[in-house]
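Look for chain A in each of the two complexes below; its partner is chain B in the first and chain C in the second.
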Partner chain A sequence: MESAIRTEDLCIVYGKKTVLQGITVDFPKNSITSIIGPSGCGKTTLLLSLDDMIREVPDAMVSGDVYIGKEKTSSMPQSELRRRVGLVFQTPVPFPFSVYDNLTYAPKYYGNRDRKNLDRIVREKLEMVGLYDEIKDDLWKSALKFSGGQQQRICIARALTADPDVLLLDEPCSALDIKSTSIIEETLKKLKEKYTIIIVTHNIAQARRLSDKVVFLKDGRLIEEGDAGTFFNSPEHPDTNDFLGGVYG
Partner chain B sequence: MKIKGLLIKLWAYMGIVIIFMVTVFFFAYIFLEGHSVISREFIFEAPSGMVLGSEGGIFPAITGSLAFTLTAVIIGSVPAVSTALYVVYFCKKSRMTELIHTVVQCFSGIPSIVLGLFSYSLFVRDLNFGRCILSGGIALGIMILPFIEVRAEKTFRELDPAMVRSAYALGCTKTHTIWTIVLPACRGELFSGIILGGCYAMGATAPMIFTGAVAYAGNPTSLFKPAMALPLHLYLLVAQGHTSLDMAYGTAFVMMAVILFSNILVTIYARRRHYTWNQQ
Partner chain C sequence: MTFFTMAVLAFVIIFILKEALPVFREVSLIEFIFGNEWMPVEGIGKGTHFGIFNFIAATVYVSFLAMLIAVSVGLGAAVYLSCVASSRARTFIYPFIDLLAGIPSVVYGFIGLNVLVRFFLKTGVHTGSCVLAAAIILSVMLLPYLVSSSSESLLKSRELYLKAGTALGVDKWYTIASVIIPASGKSLLRCMILAIGRAMGETMAVMMVIGNANLFPTLLGKSESIAAVIALEMGTAVNGSTHFHALYAAGLVLIVIMLAINFGVKNLIKKL
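Moving on to the complex of A and B:
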């Protein structure tokens, strides 16, 4: 399967602490890849390194390479990289504007000022996350006034307004209830037809439900990776077995 | 264990009561001592009398103080807010952040009289500005810079970092994010910190003695002319002894009222701004 994004010998150090060591991994196009592993294993660090957000962390030092297709991200302008690789955070953080302004924030930044065009983008992206019919009459209402699940879908829609190829999600359902989680999971399954999705999750059951591929990290090292069926049904590494069996987490 | 808990509770309540009582007593005392001289003339006329200030009012001192404060606020807040922005959003090395914090702390520890002496030597004498509002405003601006920087930095740090990173994640530059997200979100608290810094400057005497405040002047008309200032006027009235003590209390009361009024106004504004931003 063609890879959308790939890391090669990626190492990340925070001050004197090595967080990721020699990670080489492919993230296939139009699929959902889950990054799983025990707390502190470097899942979020790996995710943040894919759109260079890791450089916002004080004292973070990065070596190794990340490729989008065949292009090295280090040779791309940061703004272009982040336009192509969207990121959604753990807790829903809509900007304290209306839903409409949240969804036109990025297009306006990239010079799109045409009202009809902006209206189209807002509608299209809200439809993609299955939210348009729910909130079409409240587009000018503060995005902060919606439920947690709706806010998270607004954030996903907002990330899509920059027209990314890859969508990164850092435990997007950890602050949500079961119903909202299931809606977001359904949304992600639909979105993978158009986007490559990489999700960090603590929830093994969620990874099992969603993933086409799984990447398992422990202590900053890549322990095992593979397609979800094989990974969950017959893991090769004893550490993976222990993790899936709940020996540690 | 229960007694220990009760004692801690009692200690905390006593602290509140003592602070409240001291504040009320302080204001009441100044008001009772000075209210007899407070009148329309006292507020809106210039000082007069054989011993200057024993008659007339304090209007040039009020306008002069406002001029010094405004100059100080403009001069002090711009570098203070930009330093805070640098520390929170641009500085990637924690050692550099520590260095900046140490410098700001050292800055805030400089005695105000030494700041006055420094400003006198540099601005009044060497740069030949003379004793004027600008020289005094710079001295006060330097004095309130660390005060505003610390508050601005705290305000920026309290803003949800995920919100800022969400804007970065869309590919927006830091500058764009700061203009469209950070500054609008922090406007209330920043404004509040700056005005509180202004209040602090308004009450300071030492940096102005050598640099711009004088015993008598008209209402301020130029940055390059000296002006009266409430704290210096108060100091001179007290120094004159018993003859002007009522006027001194009256001046102190007006000064306290201006500062208190500004504080209340700023608190209301910051709260409303915070509420509006979160409810948009």
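Moving on to the complex of A and C:
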């Protein structure tokens, strides 16, 4: 399968501590890849390297390469890279504006001023996250006044307004209840038709439900990767077995 | 606690009211507030006059001018501290700001006299004392407070929103201007009311450089603030005289202005 984004011998060091070592992995297009592994193994770090947000961390040193399609991300303008790779955080951080202003923030920044066009973007992206019918009468209400699950979906929609190819999510459901979680899972399954989705999760059941591909990290190393069926049913590495069996987590 | 502060405030107001009201047996409220002649002791054949309009104007003028200077410089400094400086630089700079806040106002007044007033004298301002000098000194005194409290709230919004903006590919300064500063808008306004209260009440430093002449305030002219009149004349006013009561009434006016600004801005914040 064609890869949307891949890393080659990626190493990340925070100060003196090596957090990722020689990660070479690819993320296939129009599919959901889960990154799993014990706490502190470097999942967030790997995710942040994909859109170069890792450089915002003071004293992070990066070596190795990340490619989007055939392009090296290090030779792309950062704003273009960030535009092509959207990021959703663990806790939803909508801007303290209305839903409408949240969703038009990036389009306006990129020069889109036409009111009709903006209206269309707002509607389209909210529909993509299954929120339009739910909140279409409250578009001018502050985004902070919605439930956690709704806020997270607003943030996913906001990430989509920059028209990315790839969507990164760092434990997007860890602060949400079961119902909101399953709504977001359904949303992501639909979104993979248009986008490549990479999700960090500490919830193995969620990875099982969602993934096409799984990447398993431990202590900053890539232990095993593969398509979800094989990975969960017949993992090769003993560490994977232990992890899936709940020996550590 | 709120009850206690309310009680103290009520006590202060009642006390001042009691001392202030007798003045209105001699002058009408309108004359007192809108009159611009202040002649507390009988001059030869002229009688006494108690009009504090110029003092009110000077107080408001100096405070708002000081605020304008302090906010433009202070907001810049606060944005720098919260969004540009490293956390190491912050831990280094904050103690200095606290130190500045601890300098007594007489010292600021001295610096004002020796530096600002001299400077204005050289540039041709008559005697050098002027409203602008007072506003500058006052703004320097307000700065530490404004910078430390507003950089605190800016830092909080930066931690929340800068990453979100960066992740959308938006330029850092655009996010600062369009999200981070507006997000702290309310707390910035709140800092400003507290600061303006302090500016209006500040006596010593202003008195030392403003020239203390009963004139309508102009940028480079002398004038006199309410707090300065009270401080300068209370010692010589005969206890129980109209002059004495008039000074209390001037203090009352100062409190009313401060409360009005306070409530006005608070209501504005609620509506935002």
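Methods note: the second predicted complex is superposed on the first by the 249 of 249 C-alpha atoms of A that agree within 3 Å, B and C clash if a C-alpha of one lies under 4 Å from a C-alpha of the other, contacts with A are read in each partner's own complex, and residues count from 1 in each chain.
Everything below uses one rule, namely that contacts are C-beta pairs under 8 Å (C-beta built on N, C-alpha and C of every residue); 3 or more make two chains touch, one makes a residue touch a chain.
Quick caveat, the model's predicted, so the values are computed rather than measured.
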Superposition on chain A - do chain B and chain C clash or fit: clash
Touching partner for A:Ala106 - first (chain B), second (chain C), both, neither: both
Touched partner set for A:Gly86, first chain B, second chain C, both or neither: both
Which of chain B and chain C A:Asn117 touches, first, second, both or neither: neither
Most chain A residues touched (candidates chain B, chain C): B
Touching partner for A:Thr230 - first (chain B), second (chain C), both, neither: neither
Which superposed partner A:Ser74 touches (first chain B, second chain C, both, neither): neither
Partner chain in contact with A:Thr24 - chain B first, chain C second, else both or neither: neither
Which of chain B and chain C A:Pro58 touches, first, second, both or neither: both
First, second, both or neither for A:Ala159, with chain B first and chain C second: both
Intersection of chain A interface sets (partners chain B, chain C): 51, 53, 56, 58, 78-83, 86-87, 89, 93, 95-97, 105-106, 109, 155, 158-159, 161-162
Footprint of chain B on chain A - complex, ascending: 15, 51, 53, 55-56, 58-59, 78-83, 86-91, 93, 95-98, 105-106, 109-110, 142, 144, 155, 158-159, 161-162
Contact footprint of chain A on chain C as seen in their complex: 86, 160-161, 163-164, 166-171, 174, 178-179, 182-183
Chain A to chain C touching residues, read off their complex: 51, 53, 56, 58, 78-83, 86-87, 89, 93, 95-97, 105-106, 109, 155, 158-159, 161-162
Chain A contact footprint on chain B (complex, rising order): 91-94, 97, 160, 162-163, 165-173, 176, 180-181, 185, 277-280
